[in-house]
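The next part holds the structures, each set out as C-alpha cells.
Two complexes come next, and they have one chain in common, chain A, joined by chain B in the first and chain C in the second.
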Partner chain A sequence: MGERIIDPAAKGWAISWYEASARARLDGLLDAGSFREVVGPEERRMSPHLPLFDLPRAFDDGMIVGSGRLDGQAVLVAAQEGRFMGGAFGEVHGAKLVGLLRAALALKPAAVLILFDTGGVRLQEANAGETAIAEVMRAITDLRAAGVPVIGLIGGRAGAYGGGGLIAGTCSRLAVSEGGRISVSGPEVIETNKGAEEFDSRDRALVWRTMGGKHRRLIGGADAYADDSVAAFRQVALDLIGRAPAFDLATLEAEQARLEERLTRFGDCRDATEIWARLGVNDPEAVPALATADFDALLANLRETTHDAR
Partner chain B sequence: MTRAKTTLPEILSALFPDGHSAVVEDGLVGGEGPFRGGRLAVIGIDGDTALGVDGACRLAGHVLDVVRRGGGTPILVAIDSDSQRMSRRDELLGLNEYLAHLAKSLLLADAQGHPTVGLIYGHSAAGAFIATALATRVLVGLPGANPSVMDLPSVARVTKLPLDRLEAMAKDTPVFAPGLDNMVRTGAVQAVLDPDQPLADQIAAVIDAMPNEDSRDRLGRERGGRPVAEEIAAQVVRDAAFG
Partner chain C sequence: MEKLSFRHATSRALPGAKPQAITGVVASGNLEVLLERTLAPTECTVEIETPIRGYGEVWAAVVADFVARSQPGGLRITINDGGARPDTVSLRLLQGARLMEV
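Up next is the complex of A and B:
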C-alpha cells in the first residue's frame, strides 16, 4: 500500500506515540507498506446513531482494523482514534474489533495487536458499546484459548478507560508508556460521583501516579514499559508476542493468587508512592521523573512485577 | 415497568426448594444447591452493591473453585448491583485487572464445560455489568430489572442535551436508553423470564438451549437495537486476509 506517511529515519526524529494519529501509529508500527485495512473509510460505514444527537461522524467510526506484517510475521491489528469521540466504543467501532478477533480465529496470525486509545463506552450508543465490549472480551478469550496471543499497546491521549480497561485486562500481554493510563473510572468520573476530596481530577501528578504507565508496570498491571515513540512500541510488541501466557485454569489461578497478594500487601496504601516503597523502590518520589533506561534498571531489580499470571 | 423486582431469597428458594449453601456477605453471593440431579453454583451481587477490587477477587475465587472441582456444574450469576466502585483506592490497586479477572474466570468456566447463565433481577451498570452478567454465555432478566450504562441525567450532563429531549428520544432509541427492554433489543439480554412460571424450569431450559456461538449481534439486528453490528463484524471476517 505505498510508502510510509512519514519516514522517521529520513527525517531523523522519532514519532511520538502519544501525539500520533491512529493511522500514523499503524503506519510506523508495521513493516513498511504492509498494512491492509478492511472496512476502510472509503466504505463510509459510519455510526447510524450519532446524527440523532446532531454530532459529526467519522468515515471509520474511530476504529481502524486490518492485517499487516511485524518483522515479517503476519498479524491482525486494530487501532482506536482517540481524537474522534475520545476513541469511545459505539456500535460500528466495537463491531469492527469483534469482527477482527473472530477473523483471527480462522486466520491464526502470529498475534492480534490492539492499539488502545479510548475513554470507554460512547454514551450516545451506550448499550451497543457495552454489549460490544462484552463480545470483544469473549472473543479475546476464545482466541487466547486457541493459542493466538492478543497484545495491547497503551500510550494514547485517551488512555484505556472504562470498558477499554477491562478489555486491556483480558489481553495476553500489555505494553504501556508513561502517558498511557489504564483505569476503569476516570478521574472526572470519580470526582463527579464522590467529590474532589476523594479524587481531585485537576491534580495531574495524582492522575499519572494512580493510573499512569509507570505505576501499572510497577504493580504488574502491564508487562512492558515503552518509550513514547512508535519505534519503541514496535520493539516491545515484538518482544511480547513470543512470551504470551496460556489461557487456562493454571494461569487464572496464578492471577487469582497474584491479585489476592496485591490486596494483602498494598490494600491499605493511600498513594502509589507507598506501594512503590513497599515494592522495594528506594526513592519512590523520584519515580515519576525517571528516564526510560533508569526505570528499566529499577524494574530489573523488582522480580514480582514480571509474571505470567494474566 | 410497574412490577416489583424479584428478591434474591425468592430466587434462591425457587431454584433450591430443598435448601442450598448460598450466603450473602457484604452484598456478595456465593454457594450452591442441588439442581436436576446435580448441582448448580450461584455467584452474584445483591442489594445494589458496587463492585470493587475486594468483591471481584472473592467472586472470581468462587468461580475458579467450581472450575477446579470440574464436573460441568453450571454457574448462575445473579445480579442486582451498582456500577463498579468508584474510588481512588480501587483504581490505585488496578480495578481493571480485578474486573477483567472475574470476567475471564467466567469465560474460562464456560469454555471448560460449565454452562454460565446471567440472571439480572435488579440494577447493574458499567464495569460491574461487564464483569459479571455480560461475561456469561446467556443473560436473562426478570421483570423489574433495570440495567443501564448511565442514567439519563448523567447522559444529559455529558452530551449537553436537555434532559427532556433525551427522555423523549429514549422512548424509541434503544441504543442508548437505560432499561431491560433496551438491553433485550441490543441482544445483550436473550430473554425476559416469566415470574409467574417456575424459575428452576426456566433456568434449566436456558441451560439446555445454550447457543454454540456468541449470538448477541444477531439478536441485536433481529430486534432492531443494534442494526449494523452483525453485518460489520461479518464483513471484517470475510475481508480480512494476509497480503
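Up next is the complex of A and C:
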C-alpha cells in the first residue's frame, strides 16, 4: 500500500531518504510493485497502551513489515516511521519486527533489510518495548547464525538511538548517510545527565561529528556510506548483501579485537576530529563539509575503515 | 481522545478499483487517512480519532466539503489525527481519494 500519486522515478526525481516517509522509502528501495505488506494498516493492529495516555495511535504502529524483491532477490523488509512517536519501539511495533525476523528463519530470504528510524523505546509502553529490543537482538543472531544477512539502513531524521542503536550493532552490515545518526544515549539524554559542558545537545556540528554518518563510517561502526537518496540506499543495500560476513567465532573474535584496538588508539581523544587525525586524515576540520565522492575517495585512501569484523 | 463519525450519501462511486490506500503520518500537525473501498457505491463514512477535543463542527464542515468535491462513493475512511489544521485535513483527504483513483 504505497502513498504516491506520481512515480518520481519515471520523472527522474531523486527522493531524499531523510525526508521520505517509511512507506515512500520502501516503495523506492524495492523493485517496482514488489512490496507485500504483512499486518497492514487495514488490520488496525494499534497500540493498546497509547489510549491510556490520551495519545493518538497509528494503524501500523509506526512499523511496516513485509516481503519484496531487490534486483530480483527475495528479501524481507521492516521500516520504521520516525515521525510517529519518534519511531519508538512499543509492543505492537516491536512484535511486528520480531515476527518478521522469526519468519525469515523459516523463509530464508536473500537478506532482511531493516530501515531504522528510531529514538529507542517508547516510554509509554517501555517494558514491552525493552522486551522487544531483546527479542529482536536474539532473533537477529539466530538469523545470522542460519546464514541470512541482516542489513541495517540508517538515514532517517530520528537516527538509530537507544535500543535501536543496540539492534543496529547486531546487524551483519550497516549503511548510513550523512544525516543518519547511530548511538545509544541521545544528545539530550547525555546533556541532562552529565551537563552541557560534557555534551551540548544544541551544538549540531558536535552532535553530527560524534554520532553522525561520516564519523560512524570512518571509525568502522558503519560499513557503507550512502548519499541521501532512496536510489543510493538501494545500491548500497545490494552491495552489502553480497559482502555480509560469516557469523562464526572467528568473526566475533575479530570484532572484539577491533573494538579493543579502537579503544586503545582513540580512548583519550576529546573530539571526533582528533580521532580522524589519528586515522590519517590530513585535514580533519574539512571532513563534515566533504561531498560524497570526496568522502569516498578519503575512505579508499584510509583503507583501514574496511574490515570483516562485526 | 474524541471520536467522531460521519456518514454521507454521494451521487456516484469513486472511480478506480484500488481496494485501499493510506496517506499521511500521525505526527504533530499531521494525520493519517486510511481509505477502504468496502461500502455501497453511493455511501461514504468518515471516522475520526483526535486528541484535540471540541472541534466537531469544523471536522463536519471539512468532511462535508470533501464529500461534495470528490464524491467518494464506496469509501470507508478512517482518520488518526495528530492535531492537524483543517487545511491539512482537507489536503490529505483529497490526496487519499486521488490515490484510490490511480
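Note that the second predicted complex is superposed on the first by the 304 of 310 C-alpha atoms of A that agree within 3 Å, B and C clash if a C-alpha of one lies under 4 Å from a C-alpha of the other, contacts with A are read in each partner's own complex, and residues count from 1 in each chain.
Keep in mind that, in the parts below, contacts are C-beta pairs under 8 Å (C-beta built on N, C-alpha and C of every residue); 3 or more make two chains touch, one makes a residue touch a chain.
As the structure is a computational prediction, the values presented were derived from the model and not from experiment.
K.L.:
In the superposed arrangement, does A:S67 touch chain B (first), chain C (second), both or neither?
P.N.:
After superposing on A, A:S67 lies in contact with chain B but is clear of chain C.
K.L.:
For A:E255, using the defined touch cut-off, is the partner it touches chain B, chain C, both, or neither? Pick first, second, both or neither.
P.N.:
first
K.L.:
Determine, under the contact definition given at the top, whether A:R83 touches first (chain B), second (chain C), both, or neither.
P.N.:
Only chain C is touched by A:R83; chain B is not.
K.L.:
Applying the document's definition of touch, where does A:A139 land relative to chain B and chain C: first, second, both, or neither?
P.N.:
A:A139: touches chain B, not chain C.
K.L.:
In the overlaid three-chain picture, which partner chain does A:G159 touch, first (chain B) or second (chain C), both, or neither?
P.N.:
neither
K.L.:
Let me test your reading of the model: by the given contact rule, A:G119 touches which partner, first (chain B), second (chain C), both or neither?
P.N.:
neither
K.L.:
More residues of chain A are touched by which partner: chain B or chain C?
P.N.:
More residues of chain A are touched by B.
K.L.:
After superposition on the shared chain, which partner residues are touched by A:G179: those of chain B (first), chain C (second), both, or neither?
P.N.:
neither
K.L.:
Could you list, by residue number, the parts of chain A that touch chain C in their complex?
P.N.:
It is residues 1, 3-5, 21, 23, 41-42, 44, 51, 54-59, 81, 83-84 of chain A that touch chain C.
K.L.:
Which residues of chain C touch chain A once you look at their complex with the stated criterion?
P.N.:
My answer: residues 1, 20-27, 30, 32, 34, 36, 49-51, 78, 80-82, 95, 98-99, 102.
K.L.:
If you look only at chain A, which of its residues touch chain B in the complex?
P.N.:
34, 36, 38-39, 45, 48-49, 52-53, 65-67, 74, 76, 91-92, 94-96, 98-100, 102-104, 106-107, 109, 121, 123-135, 137-139, 141-142, 145, 160, 162-163, 165-170, 182-185, 189-190, 193-194, 198-199, 210-211, 215-216, 219, 221, 247-249, 252-253, 255-256, 259-260, 262-263, 266-267, 269-272, 275
K.L.:
Name, in rising order, each residue of chain B that touches chain A in their complex.
P.N.:
Chain B residues touching chain A: 53-54, 57, 60-61, 64, 67-68, 84, 86-101, 103-105, 107-108, 111-112, 126-127, 129-131, 134-135, 148-150, 155, 158-159, 161, 169, 173-177, 182-183, 185-188, 214, 216-217, 220, 225-230, 232-237, 239-243.
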